[in-house]
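Going by the order they are written in, the chains are A, B and C; count residues from 1 in each one.
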């Protein structure tokens, strides 16, 4: 008998006979659902993620590439790595980025690992959505926007459509039916990486990005 | 730590070996008498308790979330063997290789097999208490494979040759000055600085190289989702993402109990975990991994493995009451709120998992021979049970384990080491006690005698008078006063 | 019904209390009987003064808690069984201790679990068992005029009262009804005093550390005395403070203590047993 069979046999021999009823998640979440406008939802998201030290900029679908270029210039970004083969990636025009080299991700990570770790100053990805309750980005890396793009460069720029903000994590995975098909890697990101492992003192830029900058589009209705 | 080196510290980095009851007493004694340790843990626990409290301003929300979380864990455990098979099927379909280990040795052997196949020289590790449980680092080093901790706290602890003193904040026993000294001594080319940002930058720079270099990344698992074949990891630093993304091979290791059926079950558990643990509304990262790099993908590990470890969990599972131990989601709130843990710190326990959860889980992993004294190191104040996000009745389980330890040894024990705390003397004492107190007439005589002979009360009453004036029976009992009144 | 020490107040629907009864059973507890009888007597006096007849079953010994928590369930059960016949009438049972009250209310049925008939009897007794302070507030509706001089006290609530009986706010409310008493809160108020029954004997180092911290917190309030509704905690705290006084050669007690019953009785013009 293998370890697998022995473990399973032990568990089966002592498994409780009486059925335990399945948990009812709606009983917890439904009564706490908020009746809020999209502006209020965006405001909650913003307060949350800013509390985690992220920078948030409200912009429009027309203006965001230019804003990104300005932010890169302000922060002295030499090289911005991005996925070219996405709707957002196709909007990035090198002519607008003065002083910043736009570098599309090409090839397998092994081919660009040294650059990725040592020569790229920032990565740009789209966010799939966000969570208002906690101030959290939902990022699903893809073929076009690999996992390390939002992890290794010191600064992570993320583009978020205000219309894709869910009230809670539960709402996001329920309404989008994540269980029917998750990508290789799905992420929730709430701010730049951090640690409080030294004497409970919070420090940002632990192993991942030191800065997280979120550009929110379609936020016109929500702007103060 | 202070100039004084405690017994717990001296062997903190060594593999967990047999800790006798006497040795445990000495460790606890040393720890509780270390003023530096006392004040640093007190401060840290006060901080964590306040942060947790701030996350639950609405008591009814907390109550509802605890009930739900308990329900999810109990439902998952009730179906554990089915869910494990479902998890295996779906992970395999996703391209993840699933391994099963009954013992720490088996788990390490599986890991070494993977390391050898890839001719790995370095394994870079994300935070994993199960890897501590199996003495992973020692097993790898003994076989000539490097194992490097990358969680900042774990890195500090490994650099110091110690063990974690807390399951969430491993280096909580160290001051920044001690860490500054450690870095200056142990990290080449580093000058002394006690600036926390600078210290973190040093760790970041050292470890970034290692993420690039390591052939294998190891991680723990916070929740394994059976229906999707997904491994979920909770972290703040990004080292967990590094370990599971950058090296060519990712190996995850977890206890067999860390499983839920549905993806949606992780939403409430994740929320109550981070809020209970560090008082964060959410951690920086929640990392859901459902397989290795696909042919068309540009990064991620080419192989993903999962090692499912039993190590005594199936023993706890076999008993309806003890099974509740396995509801644990490893938030550490029980230790943060424990008045004993606060005073002795994590090293004194001599177990991988310290604090209240350590007292109830370690007996299954290590046997009661080594651990029978642990469940007695509690005033049963109930603070642990009160804050447990999945409502494990920890005090009740402590009492149960005391019973198991006291039982006279017999055939078919429910637990390894049952009866290890059996004492003919204590058994006699309690039997005598019952003979008096279960017979009201005898009790009346006994208590009357005690009041008559109160002048003979000894001035030294073992543990009691070490810190207190003696207990002396009153001249008249309550029942005498009541009779006088009538 | 089972409610171990893992709840928060919010999870329990508030206990519903009966109307004021004609009589109650008084379960004094072994600790009060032998070591702090004045506290028991003062509790009885308080109840009688409110017109409630107090029945003191003479066969009462101990709730069985020491053996139960030490991991000797058979011995605990023997003692519990000897106590099940003590309350033949349908009156509430009042216990001047949170931990013994918790034992009777929640754990008697557990130690009797193997015998359905015993278990049912134990559960029925548990359901009408009340901690003294909770009974005085919620059933009796204690509200007497404070006749004492203005004073400041600090209150220690036992872990059992707090977490098993859910009565952690009761002591505060009772003290708040005394016009001349100011309550000073101490830091780490919800933390255990380190008694824990056999814990204090088995692990004196840690127990000492806990009670020393508790005494320091209580003293730091500057209160004249500490009040608590649990005699285990009372003995632990006051005897620790007395030891500190002894070591510092202080004649006057730096932290005197009273059971809540004694304090309430003294403040409201009653004759306390200890002053006889």
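The rule we apply is simple: a residue touches a chain if its C-beta (ideal position, glycine included) is under 8 Å from a C-beta of that chain, and two chains touch if they have at least 3 such contacts.
Everything numeric in this text was worked out from a predicted model, so none of it was measured.
Under the stated contact rule, the graph of chain-to-chain touches is a line, running from one end chain to the other without closing.
Distance from chain A peaks, on a Cα-centroid basis, for C. Once the centre of each chain is set as its mean CA position, chain B and chain C turn out to be 33 Å apart.
If you average the CA atoms of chain A and of chain C, the two centres end up 53 Å from each other.
Residues of chain B that touch chain A in their complex: 44, 47-48, 61, 64-65, 68, 71-72, 74-75, 78-81, 84-85, 100-102, 106, 150-153, 156, 169-172, 174-176, 179, 196-197, 199-201, 203-204, 207-208, 211-212, 227-228, 230, 236-239, 241-242, 245-246, 256, 261-265, 267-268, 270-271, 278, 281-294, 296-300, 308, 310, 314, 317-320, 323. Here chain C touches chain B in the complex through residues 4-11, 28, 30, 32-38, 40-41, 44, 56, 58-62, 64, 66-76, 78-79, 81-82, 159-160, 162-164, 190-192, 194-212, 235-236, 239-240, 242-243, 246, 273, going by the rule given at the top. Remark: chain A residues 2-4, 6-8, 10-16, 19-23, 25, 27-28, 32, 48, 52, 105, 107-109, 113, 117, 133-136, 142-143, 146-148, 151-152, 168-170, 173-174, 178-179, 182-201, 203, 205-209 touch chain B in the complex. Of all the residues in chain B, the ones that touch chain C in their complex are 25, 28-29, 32-33, 38, 59-60, 62-63, 66-67, 339-340, 343-344, 375-383, 385-386, 388, 391-396, 399, 401-406, 427, 430-431, 433-434, 436-440, 443-444, 447, 450-451, 462-474, 476-482, 485.
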